[in-house]
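Order of writing sets the labels: A, B, C, D, E and F. Residues in every chain begin at 1.
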Amino acid sequence: MKAKTPKESLSILTEIVLPNDTNNLNNLMGGRLLHWMDIASAIAAHRHSKRIVVTASVNNVSFNQPISQGSIVTLEAKVSRAFTSSMEVFIDVWVEDNQEPGKRTKANEAIYTFVAVDQLGNPINVPPIAPETHEEKQRYEGALRRKQLSLILGGKMKPEDATELRALFFNEEAK
Amino acid sequence: MKAKTPKESLSILTEIVLPNDTNNLNNLMGGRLLHWMDIASAIAAHRHSKRIVVTASVNNVSFNQPISQGSIVTLEAKVSRAFTSSMEVFIDVWVEDNQEPGKRTKANEAIYTFVAVDQLGNPINVPPIAPETHEEKQRYEGALRRKQLSLILGGKMKPEDATELRALFFNEEAK
Amino acid sequence: MKAKTPKESLSILTEIVLPNDTNNLNNLMGGRLLHWMDIASAIAAHRHSKRIVVTASVNNVSFNQPISQGSIVTLEAKVSRAFTSSMEVFIDVWVEDNQEPGKRTKANEAIYTFVAVDQLGNPINVPPIAPETHEEKQRYEGALRRKQLSLILGGKMKPEDATELRALFFNEEAK
Amino acid sequence: MKAKTPKESLSILTEIVLPNDTNNLNNLMGGRLLHWMDIASAIAAHRHSKRIVVTASVNNVSFNQPISQGSIVTLEAKVSRAFTSSMEVFIDVWVEDNQEPGKRTKANEAIYTFVAVDQLGNPINVPPIAPETHEEKQRYEGALRRKQLSLILGGKMKPEDATELRALFFNEEAK
Amino acid sequence: MKAKTPKESLSILTEIVLPNDTNNLNNLMGGRLLHWMDIASAIAAHRHSKRIVVTASVNNVSFNQPISQGSIVTLEAKVSRAFTSSMEVFIDVWVEDNQEPGKRTKANEAIYTFVAVDQLGNPINVPPIAPETHEEKQRYEGALRRKQLSLILGGKMKPEDATELRALFFNEEAK
Amino acid sequence: MKAKTPKESLSILTEIVLPNDTNNLNNLMGGRLLHWMDIASAIAAHRHSKRIVVTASVNNVSFNQPISQGSIVTLEAKVSRAFTSSMEVFIDVWVEDNQEPGKRTKANEAIYTFVAVDQLGNPINVPPIAPETHEEKQRYEGALRRKQLSLILGGKMKPEDATELRALFFNEEAK
């Protein structure tokens, strides 16, 4: 299959934080954001594969800053790497500044993995990714390490075989 | 503060998978489950701390088996360990067998972390956890390793300082 | 069919009262609670019968105390008695105390009746109930009286034939 | 306060049964209908009292016929009687015939009771009802009997004091 | 086909403005009202045609007055004219006065057009309309002019052929 | 105020058509799309003005092609012209081709108008628009004619004063 660029899979979601999306501090609930991120990244994975896609896993996600009710939240998702039938997707979450035009701050970053399947739910091959920008290349490189970590945590790979990941604990540059 | 048991924080959610919760294969969408898991674990963290709690992070989550429309899904969440103002919560997700009474299969397992805050959103101390069962003790032990992994991935700890985690790559028993 | 205990059908739902669930006093709307109680009791009836179940009737329900926005509400439903193809289900509704750990107050109690049906919607037999606790036995006993009342109110039984119910008006102990 | 007619409180809701409103037989779930009936009757009670109203109780409700997905459901609610600060409301539920113009069949009938309250939630007086049609007069008459039944079932009245209701068990005409 | 009156298609929807329906000024969002108007008018078109109906177009709609959270909104929709397989529907939107019984003010007026289709989505004929009241006759008369305007704006009619509409720019009475 | 480009206001929404968004032919309901278009255009108007914005009117909208369940729908909204305190916004609606990567077809085009208001709901000035592309310039030019049409239809302008609009009926080029 012919490689595609991450940009071809770019999916953008814009949401306004409504009352029912908020917790008792009137800030966006984590669960709602996780749900939106799943939709944004599923669309990106679909755009890359043109197949039905199902969520396979979610990487470590951190919620660093509260997002208040009424905020405009933009999610941008792009496939960062493809492995046989699975796709890793990066989601960047932005919150709009209420005053300064065009200004926005990054609220969050997350990584979801999807598998492309046929109508019976069996895995099916997807095109490889050809990263273009510096950031896309970095994310592409890191994908293998994250895949190993996920396999180890899931008990499907022995730590000593995770060569990419081991480097993390001996060599800062590999990061 | 006096320690509490994980059992005191147990929160149970039961959901029926409705049409709008499903993808094009008529199976539960990952994003909806992530949302339900956030609610279940937020309630567990609230029960432990009796404070407003906000989602701090989600650990690596895997989706191993499809859950079909109409299924009855039960989420059970319990605080596994508390650190100053943060609480790690384990969520076990069960799907009910449609035939055999009382039988159910585990569909999923996830770990969310919450921070207890006051009305202004500032972190506030929570009671420690005193695990009781074998599984609770295992989860309690693993929490420190997971915390270190999360700090490294977030760039807040140097890999060489993560003594608990490093063991993972040299010594299988530490797992 | 072999009898089952009420406990085998126990279904637990936990909900947080969100803004859209509330009336102009910021308290939970009755209609939303009736909806939640229907889901909780339908799951209990399904657990008992392992069949598709449809709501047949709702008994007199009282709303005694307001439940405020942000409250954690727990619904516990158990089949109290089975008649051929119908099942009476008791739902106890609890509201969590925001301060004291483990403490909760009863907000509500309701009784729904379900019928088990096959794929064409025809009634189908269900196992009998074998009550265990004192409360389960009381509820089991009262079910016949409630069934008679329901039949009379629906014009399907003559009052003079409702022997169980008549006792209510002559003999306090029968209550 | 000056009496009002039931007609002045008439509230009409029309709903289309959507996929998420249905059970596994593709029929309207009882809980959803209970929710819609609460909204319809709350609006009727509000129109009568021009006050904030809260659901006080729901009478015995029966679900006799399935309502299929895609159906158009019309709910008509009218205050049947007022007692100091409470109002009994009848809700008639109609399902539209898909072929014959103007034809519809009655799917359901339910009775909800509301209390009018001030901003602090304290009960407040409402105008009396002056029934006009034959059906309105019948429903007005029956309201007292239903109120007694509700009080007895709630343990707030002794059966021997329920003179209206006792008649039900000796004299068919009183029904 | 035998003509029907607008009244036979009358559809009434009543909604309470909930928190999630509102913008940052706590007033009903335009988009939610557009959605409700679509449902109300689709039901009216269905009542007239007894067919599946799909939205074909929305005329110019103005939002003149804010509708605050907690308001009771009533939508009344009636078919104003039928052309072969299409139906023009008028929707009047009323907001209830919170004090004075029976009083309400008109908040909005909109015109939607629907096409009746068979199971494959092909257009199918509908009965003509026989207007009765003065307002119904006015709306019936104006429908042709609006249809021409819509065809011109959609590039499907030459302005010089729109005889009804041209009159608008030369002769006030034609309006 | 300094002029801004339409591009600075660009807002993109991506939605998957879920079961509850569809009519009885399993196609997207018009009302849901109208709702999504309102959100997309409100965000564009907010990005242009950095103010609270309220929907003022919706222009003639046509629904030309059915959008099936499961489709990925992308809405792109940009301010086309600003008048004192009001902004006209164009929304282009695209449906993704399920096979060919990057291909999509235009399903719809709509025009909404918003007014920027302060915290009390009073109109407030917004920056002018400086169109850049050929399409943006065309839409900018047409805005005045549409404004006149809207004023006439709303009875706020005499047809003979609508110089821009009159041209439409005499001179094809003016279109």
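Rule of thumb we're sticking to: a contact is a pair of C-beta atoms (placed from the backbone, for glycine too) under 8 Å apart; a residue touches a chain by one contact, two chains touch by 3 or more.
These numbers were taken from a predicted model, which means no experiment stands behind them.
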| Any chain in contact with subunit D as well as subunit F | B, E
| message | Do subunit D and subunit E, two copies of one chain sequence, contact each other through the same residue numbers, with over half in common, or through different ones? | response | same
| query | Roughly how big is the turn, in degrees to the nearest 5, that lines up subunit B with subunit F by CA atoms? | reply | 120
| query | Which pair wins on C-beta contacts, C-E or E-F? | reply | E-F
| Measuring between mean CA coordinates, which chain is farthest from subunit B? | E
| message | Just the number, please: Cα centre separation of subunit A and subunit E in whole Å. | response | 44
| message | As a quick test, compute the distance in whole Å between the mean CA positions of subunit A and subunit B. | response | 20
| request: Would you mind pulling out the distance in Å between where the CA atoms of subunit A average out and where those of subunit F do? | output: 31
| request: Spell out, as numbers or ranges, the residues of subunit F touching 2 or more other chains. | output: 19-20, 24, 39, 42
| remark: Chain-chain contacts, ordered by label, are A-B, A-C, A-E, A-F, B-C, B-D, B-F, C-D, C-E, D-E, D-F, E-F
| If you look only at subunit D, which of its residues touch subunit B in the complex? | 19-20, 22, 24
| request: Please give the residue numbers of subunit C that touch subunit A in the complex, ascending. | output: 18-20, 70
| task | Flag every residue of subunit E that touches subunit D in the complex, lowest number first. | result | 4, 8, 11-14, 16, 39-40, 42-43, 46-47, 50, 72, 96, 98-102
| field | subunit B residues touching subunit A - in the complex, by the definition given at the top | value | 23-25, 27, 29-32, 34-39, 42, 52, 54-63, 66, 112, 117, 119, 121, 149-150, 152-154, 158-160, 162, 165-166, 168-170, 172
